[in-house]
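See structure below.
Lettered A, B, C and D in written order, each chain numbered from 1.
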Amino acid sequence: MSTIDNKELRVGMVGYAFMGAAHSQAWRTVNRAFDLPLRVRMAAVCGRDEAKVAEAADRLGWDGYVTDWRELIARDDIDVIDVCTPGDSHAEITIAALAAGKHVMCEKPLANNVAEAQAMVDAATAARESGIRTLCGFNYRRVPAAALMRQMIAAGRLGVIRHVRAVYLQDWITDPNFPLVWRLQQERAGSGALGDIGAHIIDLTQHITGQRITGVSALTETFVKERPIPTEMSGLAASSAADGQAYGQVTVDDAAVFTARLSGGAIATYEASRFAMGRKNGLRVEINGSLGSLVFDLERLNELEFYDATLPAAEQGFNRILVTEPEHPYLSAWWPPGHIIGYEHSFTHQARDFVQAVAEGTDPHPSFEEALGVQLVLDAVQRSAASGSTWTQVAQPQYAA
Amino acid sequence: MSTIDNKELRVGMVGYAFMGAAHSQAWRTVNRAFDLPLRVRMAAVCGRDEAKVAEAADRLGWDGYVTDWRELIARDDIDVIDVCTPGDSHAEITIAALAAGKHVMCEKPLANNVAEAQAMVDAATAARESGIRTLCGFNYRRVPAAALMRQMIAAGRLGVIRHVRAVYLQDWITDPNFPLVWRLQQERAGSGALGDIGAHIIDLTQHITGQRITGVSALTETFVKERPIPTEMSGLAASSAADGQAYGQVTVDDAAVFTARLSGGAIATYEASRFAMGRKNGLRVEINGSLGSLVFDLERLNELEFYDATLPAAEQGFNRILVTEPEHPYLSAWWPPGHIIGYEHSFTHQARDFVQAVAEGTDPHPSFEEALGVQLVLDAVQRSAASGSTWTQVAQPQYAA
Amino acid sequence: MSTIDNKELRVGMVGYAFMGAAHSQAWRTVNRAFDLPLRVRMAAVCGRDEAKVAEAADRLGWDGYVTDWRELIARDDIDVIDVCTPGDSHAEITIAALAAGKHVMCEKPLANNVAEAQAMVDAATAARESGIRTLCGFNYRRVPAAALMRQMIAAGRLGVIRHVRAVYLQDWITDPNFPLVWRLQQERAGSGALGDIGAHIIDLTQHITGQRITGVSALTETFVKERPIPTEMSGLAASSAADGQAYGQVTVDDAAVFTARLSGGAIATYEASRFAMGRKNGLRVEINGSLGSLVFDLERLNELEFYDATLPAAEQGFNRILVTEPEHPYLSAWWPPGHIIGYEHSFTHQARDFVQAVAEGTDPHPSFEEALGVQLVLDAVQRSAASGSTWTQVAQPQYAA
Amino acid sequence: MSTIDNKELRVGMVGYAFMGAAHSQAWRTVNRAFDLPLRVRMAAVCGRDEAKVAEAADRLGWDGYVTDWRELIARDDIDVIDVCTPGDSHAEITIAALAAGKHVMCEKPLANNVAEAQAMVDAATAARESGIRTLCGFNYRRVPAAALMRQMIAAGRLGVIRHVRAVYLQDWITDPNFPLVWRLQQERAGSGALGDIGAHIIDLTQHITGQRITGVSALTETFVKERPIPTEMSGLAASSAADGQAYGQVTVDDAAVFTARLSGGAIATYEASRFAMGRKNGLRVEINGSLGSLVFDLERLNELEFYDATLPAAEQGFNRILVTEPEHPYLSAWWPPGHIIGYEHSFTHQARDFVQAVAEGTDPHPSFEEALGVQLVLDAVQRSAASGSTWTQVAQPQYAA
């Protein structure tokens, strides 16, 4: 285990695509926005293609780069490994990093299946004995409006929760000629819309309600079953069209819908899709309770709608709270009221809480156990869908929400 | 069968509560707003309590009243029977009225179960031979924005439909002390939120997409299982609380959620609830297709959102169409653009189309067959919910959508 | 003066175009929706073209018709004259009707200029001695959300009012080939957008704030200065285009904007336009006070936004109140919560309050004095615009708001 | 003049409060998000209080700090001076920096009065001869939705512009006990809401329409005329309340409203206020043209509403464009569609365009001439307000918009 000297927290990141860019932004910014006991040093980024990773290191602000993640883990001038790779390498990298005494932040979903996730939990549990910290990157928990939802529900403002209604809708593969990228292959991504974006609404609703999904009945669909194989890809079984373009099987879901029950007695609907035309990053959660309701929409992430059924009858309504006040979670670090923040700020908030936890010697959230809980829901959804929507109980890991 | 003389269409209505008031409004208004071949005469209204029905007849504008629906049906100066009673009497009244040669408009859901609905279809089929017309009152089809949705989908503006997302949310029984009214008793209402409001979104989505629900997996819940018995009620098995207030079992669902597949390949989620705090008449339907999307919200029924994926990329968005132009369905009868209409107008439009069809000798929609189709979905939902959300095929009646 | 016998209030209406249709709807409906001490009888409608007025009487539900308004006034079986003609005949008809002892409801604006309006006030004042009632039809006061605004402000929910921001935007004459109808001629209409729709926001903001506009600085514009003369029109000075189509001068404003001060210390902006593309009936009023704000939009007339600055800081926001609860003004007469009403209902509410006032022997609002107040603002706006936006004091009639 | 070596652009910033933090963020981020020919070095920040500026330099990411802006200007390792001080020092610092051969980015409004602004223009004009670049920081031009507005109008999508409707509403001084900060003193700030936020909507509307305000009629108000003097302030004439708290005069406007004419024939209303309760950063601009309309709201800055009157009549509406597509201005540098950006990104975009212009040897926008144009409007507004809202022509500087 590295010793954190000099008030520095030295980070090594694996992967530098979309998530790598978002995380880099967070590491660069976190000490500018927040007063923290440790200063982040962006030590090195890792990628297999040397030219590309060198360019990325320079552009994203890393001190250096390596081309083998094992090398990154072996360095003793690195305290944290930030795993931003596709899901099929999460377990291997994370478990190795923990064994090397590194704190780990790992992107979501935790793994591509329950067995891998369980192995990661076991490794994190063992490492915790040595003061090693782990976090799974369900970053939307740190959108201020979502954090406020959790606060308000915990404070009893909704009373008994009756309904959860969650969708995460995108439309980026509606074109049947969109290519067969890694996110559309089961071996790489684990699942499709379900694990990529469905995992977010599973985690988010469990987090903000403080309840667990206990059972599901699910339906999944792959609308476009074959797609063009990108020329740089290989090793995929392919069919070939008249124009010479090779096509391969889409092996993940395009969309998943499921009904659910929550541990507190609520019933729920969930939907994740990449075929909802016009919905770009359409995560929307509505919670109805006996005293009120809350509605959140990620495309308007600075707003939260709150229906307060305890107000006088003539004045009840859906109150659009602009979540930019200093009283709101994380907001005192940013701009004056009404000056909105963006998607990327959720990563900065996540980095803040991670750095704070490491400095204080406490466990940050979402823990790997919580992330395993999400994985178990994903697994139940897939099993239900595979067996004609049969009601499927969700196994529950041990953790305090 | 009555002979329609003198260009008059003489209506007798059974029931004068919420639906009776809405229908009365429609019959009073239809010839004021629309130029029709027949003039409606509001001949008589029927109710069991003479004092109350006399008051209602006077207030709602009926020429007279009777206290026995059999008497209403027996009158030869009545051409149409309008059935606005609770669901448990729809079949008996309707079948008798058809046998007496009356045209029938019957409120939705058509019946309390499939057997009754089938019997009504059989009666309507027989009566059709004699030129007798029937319509089931799924009035939301005649909200102009909903009618426009159907037109646009039929014209191919959405391409291939991928997703249907429909909720009908209310909150009027969230208070556990709300009494055990007839809508909360299985014998009277057939089901709870499912048949009362879920039926509307089943019909509406089938109508606007031109597709059928082919299978479902459902979950229902009764959140408040006992409620105070209103003092005027009797004959219910009751338990008694410390304060002497008698309580009875709620025998219907408070909420129902289900996933579904449609005949054209789309997948869907449906939800009906009376416990969605803050949602008053929250019917919301979103349809996503390969070329665009449509979103409708009954609480803003003069608006329709249309995402047109064929526009230039930089100009695509959810276009809020204010459905008040003369080019929009039914609107040329009303006010200038921007002068909005209300909930009640859907009934006037329904009356218009009914009168027109009777005058022309054509069958109005929704036919009883279409309404039986809805009943079969309700039935499949209840069977699925009763058997652990098992996927349940929906039987299909014969009709042209 | 007629004696109101038999609990009937017999109405004669002059004019049967847009406003005539809206008023007819109100008279037909008012006793259906509200429990009132008098029953309205729609005795006769008046228009100059016999064929057209006969058709209108039949369609709109009047017992009969006449072709000379003097004849209408002379009838002793009529208690109320409802003036729905263009502004240039308001004064003559109203003053004659009052002299004949009729109650008068007169459409807005009260007159085409201050002198006429003053003469009408004088006539109303004299008639009041004999128990004759008068009302000027600023119907938007009776939109429930607007009535609720007034209630909330009167109850002090906004504290000291700082800002009034009012627009009434339409777009129906953006096409330069739209013909030179009467509303575009100064002699008939008095002014353009200013008097037609600007008058509404002047009245509405004075009514809901309980304050008066004390001074203005104004700017008016006529974007399209010549328009085609409709073939049925004559007597207008015309120029002639190459295609033989005769063109005439537009002699009213297309748009008017002005700043203002109110008697309670607020400052304000007002705008009325018929060239605001996409705004169909876009009356929008926002009031900011020291304790909160209110926002109303006529295209969503069932909603009212309320910002309550006395709530906890983290929960403040613009609360979208769906004004359909029984606790809201006029709503207990209509449908269950969430079942929205339309534009026309404001006229029904106006008729209700008029009938109630006549029955009780009290003066309904808006009084002619209040309407004269609006006329004086219109006059000040026109004078300011004619003199280079010079600040212009508004003369104040005597009345209690 | 410094020579830009080694592909570096070395920036020195004066002031480190709100604007300093926003600019620091932009300088830190610009090379991470955009591929630029020069790499920004954050050389030094300047402030008078050494302890505070040292802390700010460390927190905001500057290599060093100085306590005298003259020292900053004198350094030959600095290429750009970024002026983020209150308006009363803009002219002195900027003119000195230009004389020293530095490129200058100066916060808005350019100066506290026309004479200073003119002197700055003169200095910039002289410096331009030597290849020195200047920009005034009206950052909202670089909000992508605002940039898109300008593109669409320039492309003719709105046709002839008829109306401009612009408000910038805040509420941060509604509390009369809010202290007398520098922004409320005429000597420091020049004006109140007018220059602080009104300047933004003047610049933005002139920029997006490509037209100039040619005349105004204005009204200003100071609702709270005395405020508590913060203890650290001195040198202000003060009155003293019973509790010993000293009070001073507010010498700027709390709110300003004005009507205007634009060079292309449109008429306009403008409003700037710090007393609009509930509006936090409520910049809203609506433009109506003969072919369509555009609406922008800074509190939802990722969205743009577009009404396209050339669409089929039944499909026209206000289209909510989510301005997060790669086809939209600046967006290809950020996240996938639907992943929204925030307020701060406008500064990054401004920095990007400034760096690009310096590298290319072109003049960035807004030029000082354009900023002088805004100053001349502010001046006309103040003169009109001081003379009873008299119509006041706006002098026009020479520049190409």
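Note that in this section a residue touches a chain if its C-beta (ideal position, glycine included) is under 8 Å from a C-beta of that chain, and two chains touch if they have at least 3 such contacts.
Note that the coordinates shown come from a computational prediction; the quantities given were computed from them, not determined experimentally.
Colleague: Does C-D or B-D have more contacting C-beta pairs?
Modeller: Of C-D and B-D, it is C-D that has more C-beta pairs in contact.
Colleague: What's the farthest chain from chain D if centres are computed as the mean of the Cα atoms?
Modeller: B
Colleague: Would you mind pulling out the distance in Å between where the CA atoms of chain B average out and where those of chain C do?
Modeller: 36
Colleague: Averaging over Cα atoms per chain, report the distance between chain C and chain D in Å.
Modeller: Each chain reduced to its C-alpha mean, chain C and chain D end up 42 Å apart.
Colleague: Approximately how many whole Å separate the CA-defined centres of chain B and chain D?
Modeller: Comparing mean C-alpha positions, chain D is 55 Å from chain B.
Colleague: Can you list the residues of chain A that touch 2 or more other chains?
Modeller: 279, 316-318, 322
Colleague: Which chain D residues qualify as touching chain C in the complex?
Modeller: The contact residues of chain D facing chain C are 158, 162-163, 165, 167, 169, 171, 174, 217-219, 221, 223, 255, 257-259, 261, 265, 267-269, 271, 273, 275-279, 288-293, 307, 309, 316-318, 388-391.
Colleague: Okay, in this complex, where on chain C does chain A touch?
Modeller: Chain C reaches chain A through residues 148, 304, 306, 308, 312-322, 325, 327-328.
Colleague: Give every residue of chain D touching chain A within the complex, in rising order.
Modeller: Of all residues in chain D, those touching chain A are 18, 22, 24-25, 28-29, 31-32, 35, 59-61, 170, 172, 279-282, 298-302, 322, 324, 335-345.
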